[in-house]
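Taking it in order: structure first as structure tokens, then the write-up.
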Amino acid sequence: MEKALNRNQKLILSSVSRNLNYTASAFLRKLSKESGIPLSTLKLNLKILKEEGLVEYGRVGEPRPIKLTEVGKIVLELLDYRENVNDIGDCEKSVLEEDYRELLSKIRSKIVFEIYQAKMGHLPSSLSSANIIAAIFQVFKPNVTESKNSFILSKGHAAPALYAVMAQHGILDDYELAFLCSPGSRLQGHPDKRFLQEVIVSTGSLGQGLSVGVGIAIGKKLKNVEGKVVVLLGDGELEEGQIWEAAMSASANNLDNLIAIIDRNFYQMNGATEEVKMLEPLSSKWKSFGWDVIEVDGRKIDELVYILREIEKHQKKPTAIIAFTERNGGIEHIDRKAFYYIPTYVEYVRIWREQIG
Amino acid sequence: MDSVSVSLREAFGEKLVKIGEKNDKVIVLDADVGASTRSSYFRERFPKRFLNVGISEQDMMGIAAGLAIEGFIPVATGFAMFLLRAWEQIRNTISRDNLNVKIVATHAGLSDYADGSSHQCLEDIALMRILPNMNVLVPSDSVSVRSLLEQIIVLKGPCYMRIGRDYSPKVYTAEEDVIFGKPNILEEGDDVTIVACGIMVHFALETRRILLEDNIRAQVVDLHTIKPLNKDLLRYCERTDKVVTFEEHNVLGGMGSAVCELLSEKGFKIKRFGIMDIFGESSRDYIGLLQKFELDENSLAKRVKSFVEGDSIES
Amino acid sequence: MEKALNRNQKLILSSVSRNLNYTASAFLRKLSKESGIPLSTLKLNLKILKEEGLVEYGRVGEPRPIKLTEVGKIVLELLDYRENVNDIGDCEKSVLEEDYRELLSKIRSKIVFEIYQAKMGHLPSSLSSANIIAAIFQVFKPNVTESKNSFILSKGHAAPALYAVMAQHGILDDYELAFLCSPGSRLQGHPDKRFLQEVIVSTGSLGQGLSVGVGIAIGKKLKNVEGKVVVLLGDGELEEGQIWEAAMSASANNLDNLIAIIDRNFYQMNGATEEVKMLEPLSSKWKSFGWDVIEVDGRKIDELVYILREIEKHQKKPTAIIAFTERNGGIEHIDRKAFYYIPTYVEYVRIWREQIG
Amino acid sequence: MDSVSVSLREAFGEKLVKIGEKNDKVIVLDADVGASTRSSYFRERFPKRFLNVGISEQDMMGIAAGLAIEGFIPVATGFAMFLLRAWEQIRNTISRDNLNVKIVATHAGLSDYADGSSHQCLEDIALMRILPNMNVLVPSDSVSVRSLLEQIIVLKGPCYMRIGRDYSPKVYTAEEDVIFGKPNILEEGDDVTIVACGIMVHFALETRRILLEDNIRAQVVDLHTIKPLNKDLLRYCERTDKVVTFEEHNVLGGMGSAVCELLSEKGFKIKRFGIMDIFGESSRDYIGLLQKFELDENSLAKRVKSFVEGDSIES
């Protein structure tokens, strides 16, 4: 699962959906003739698609018509609308400067898709961060080889949101989103560099990302290179003492290239942050640790994008953005107090419709 | 034998409530994963004797130490991996002062199959068994969880109990059969001894069944108490020529290593099966993951057979 | 070394100093006659004193006069002035309400004595805390069986100061102060409960004491008993994230029975706190973590005692006392920037004279 | 053989400067103990490439990880005991991502004899060797410190190097004789093999000398690289009937345990000498403390003799 769908596989997938009632071999012969692609090539790719559970067909002596599996259909659906927004990398062009609504709908749908497919993964926490991660990628395009900026998802359990945004930016293929938590998949339950290089550092154990961010920021200064380091933290995550060690290190080292964004949704795993440990006055905490603090409505991606662009230009100190969010990402019928939530098929379809209509 | 009993964490959560009913010195601590560890049952029943200290494992161990000093019996709960965030605190405060803190770690081994390598804890047996004063337990099924939990609560001194998340094929029927410190011979046999802990005990029994088809008779020992290590194990192992160990842990430093240490003076031939010094990864199902790491009964039977028959292909 | 000097041993020690030029057996016969104590008892005790290096004498066939060793002399010196202040436990009586100068001089001398004897241990850090620990013991008399109050020396490397105060309060015998870091001694390099029960919790690894204090404070509340928990922290120690975890726990649990005292001497092991990690604005930090904060001149024990008594009566929240100190404890020729300092004999005598003159 | 060479931490501090002169990618991190570890020499020479992160070991490991990600070669230094405060960070960030961080831990074993049990680290070999990707080294004298430090700086991947404070009797004369990953046979012998690491190598050589008086000929192997564990050791051990291990570490989980694991399939008779699962304590001198724990050459010779002659009094 290390690679995304190739061109031939995409072709097969879309053809299958249009050609009903063929056996696999008849289908392949037809497609080969139409496309000019050698039969053996198509055969190989079809086999891969079957192994990965996207298509099903009979076998020798027991012929059945070839068709898409449930997963196959959804992957195709995703591929289709990606075509509409002009494919990988270009996504930005298609997005109007001030209208990110469509972008966000797509990202949210992708998140729901991932989790519905896997029947695991942390939906509310991912929805909570979707806007923020989208804004970060919009402004900084981090972690790819050409980029000077780095992004660390310290609250690693929002991995599905990261993957969705990465897919939106062409770092992942949409098709891979069907394989969250599958063995060997690049989409591990938490961002895992061993499987996905663009994850610059593996996370999943809370409270560690900010220190790594400090190290990268110091590294950039030592090398005398430009670039911002952005770390996304959960609010509950701030209960880890290591965060405050890192906060002190950042100000002691004058890291005016380090940005921490706090996904302030007021809930952690087993309760409200203020009931468990009382984080308020949160902004005073960061200030007393030597940081500049900005509070922002984290549900509004345009605000986030605006603020990030401003910081990019004018940062003087390590800067904490407290982004007020909701753990349902605005999807009303998901309880924003809940940590676990796996949609049923009906809910899945409903959300999907709501989002991409 | 292969009927799945109640989930390990369910057994833990329910038993904890029962213990709380009898013993009002028991205080349960949680580092914000109570719903997952099922310590939340205790919270519902005894809200005043339950404390979610937040996502601060180090602080939790310190608080537990303080409560123990005040005469309570704190049970500090969490995911095995993240409790190790506080290893040095456990070492320098709890274990060094021999404090009466009970640590119960869930989601150990590969049992948290979805979450991947950051959550799959393959090192805790090693880290805990090398601490002076620490008692280390790895119950093999939900019956053992109940039985051993009850026993460690009354024991004086620090204890670490490791359990997986849910999967728990039945090994025992009666709680009385599981006695702290006493390894259990579950099946007799004279060709090879399988020493196992945790759910690997179930796989040891299954492996034995498969090996029988090849006329290899395995003795199966459940080593639920890894520390203190009962020296009777030595005697049990003497009944067979070769010894193998099964654990859901890195093959370095864990239970298998403890067995090697115990038997080392006697010249036994021992082979350890576990995770071969690599990290875990995500999976959508537990058994699939065990198969990937060759810890299912079929892989194990093949591997044990090749060891018993003397051609050690792997090494 | 678990026990202090017994009555007979003390007697032997002081007699040796008055009786010169006796062999050991002649000395013992004389003393036995004078005191009425059986010869065998004296013999046994003398042997112990020799094993512990307090006296020396010849052996059969090689007679030498019995005399005090260097250590023996100092132990005796200590014993002597203790007699003057009316022995163990009563020390408080002899201290005028507002005049702690003598008390402090004695404690400081004891600290210097310990470290001079051992040629190891952290003198500056101990001197820095001497006033504070003395004040805590003055007000709360913690850790002994009868006490409802608990004290944790989280900055465990100030152990010599703790031991000196404990000796002052009769928890240790002065005599033991000669045995800091000796094998089997109750006076381990860092407070160690395995060797000294009144140390309620072992320390030495920085940053852990406050959490234990939180646990004890919660325990007292659960048991519905009175009593304060006092934790002494180094300022450098505040760089450990665990401190901030504990700080949050304390306020989340409304621990109005927990007091943290920060020994604010502005230096850590390898530099000035503000250069290494920038702790200021320190009082804002604690406030933003939900604590009441009081700043006090930590060089003035009467101020410390006064503040502690006030807090004892009126505490409403977990309270942090920032005590401004100097790491030389006011002994001018010790450099308060230095972390390591072992006095030479000359310096030792000089300090000793200065202090108890 | 028993002339004391330059102190271990001195050797480390000085060599670090030399390495820094040749390689400007090397950045040294300290958690406020630089004067004690002698990483301060590097600070004096290259103040811009030195960072005292303060008393925050966890943060230090994270920062080291970040620097490695940016292509530097961070050397994270500190007392062994307190670096373990960051075990979980080392595990989940450095070791999991196979990052090029070099960890050098001083004051290990009992070498910090004055400070007592809170500082005397008897667990680090165990905690580090069970981490996938981690290389674990325990140089036996100051020559080995220099040699191995130089080698691990150029190696790709995480390394943990354990050294004591000062005491360092001479074992080697030439740095070329110590090669990463290669156990060194220092003395030949056919009655028993002594596998040792750290300053215990010196005591192994001294023990051998004493055993010779009883006509027991010991082979002495310096296992300075504990991970990756070189399988040649197996071959070396085959030359003698029995094997003993010497380490300044809990006998559980450490180097001796690694040797047991390696030899376990072959039926060797092995006995481990180290700290018998208790905590350290303060002392005014190092050798006295080693004697107390029966790790001096005389105690060791007696203990090895009794094992070789077959009457295992202790067990």
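Side notes on the structure shown:
So that you can tell them apart, the chains are marked A, B, C and D in the order they are listed, and the count of residues begins at 1 in each.
Keep this in mind: a residue touches a chain if its C-beta (ideal position, glycine included) is under 8 Å from a C-beta of that chain, and two chains touch if they have at least 3 such contacts.
Since the model is a prediction, treat every value here as computed from it, not as a measurement.
Ranking all chains by how far their C-alpha centres lie from the centre of subunit A, first place goes to C.
Per-chain Cα centroids separate subunit A from subunit B by 35 Å. Taking the mean of the C-alpha atoms as each chain's centre, subunit B and subunit C sit 43 Å apart. In subunit A, the residues that touch at least two other chains are 192, 194, 202, 204-205, 239-242, 245, 248-249, 252, 276-277. Multi-chain contact residues, meaning those touching two or more other chains, occur in subunit B at positions 53-54, 56, 58-59, 81-82, 85, 88, 92, 96, 117-118, 279.
Chain-to-chain contact here is organised exhaustively, every possible pair of chains being in touch. Interface of subunit B with subunit D (complex): residues 81-82, 84-85, 87-88, 91-92, 96, 117-118, 123, 126-127, 129-132, 250-254, 256-258, 260-261, 264-272, 277-279, 307, 312, 315. On the subunit D side of its complex with subunit C, the touching residues are 30, 32-36, 40, 52-56, 58-59, 81-82, 85, 114-119, 279, 281-284, 288-289, 292. Those residues of subunit A lying in contact with subunit C across their complex are 239-245, 248-249, 251-252, 276-279, 281, 284-285, 287-290.
On subunit B, the positions that touch subunit C within their shared complex are 27, 48-49, 51, 53-54, 56, 58-59, 61-72, 74, 88-89, 92-93, 96-98. Of all residues in subunit C, only 150, 192-194, 200-202, 204-205, 208-220, 222-223, 241-242, 245-246, 248-249, 252-253 touch subunit B in the complex they form.
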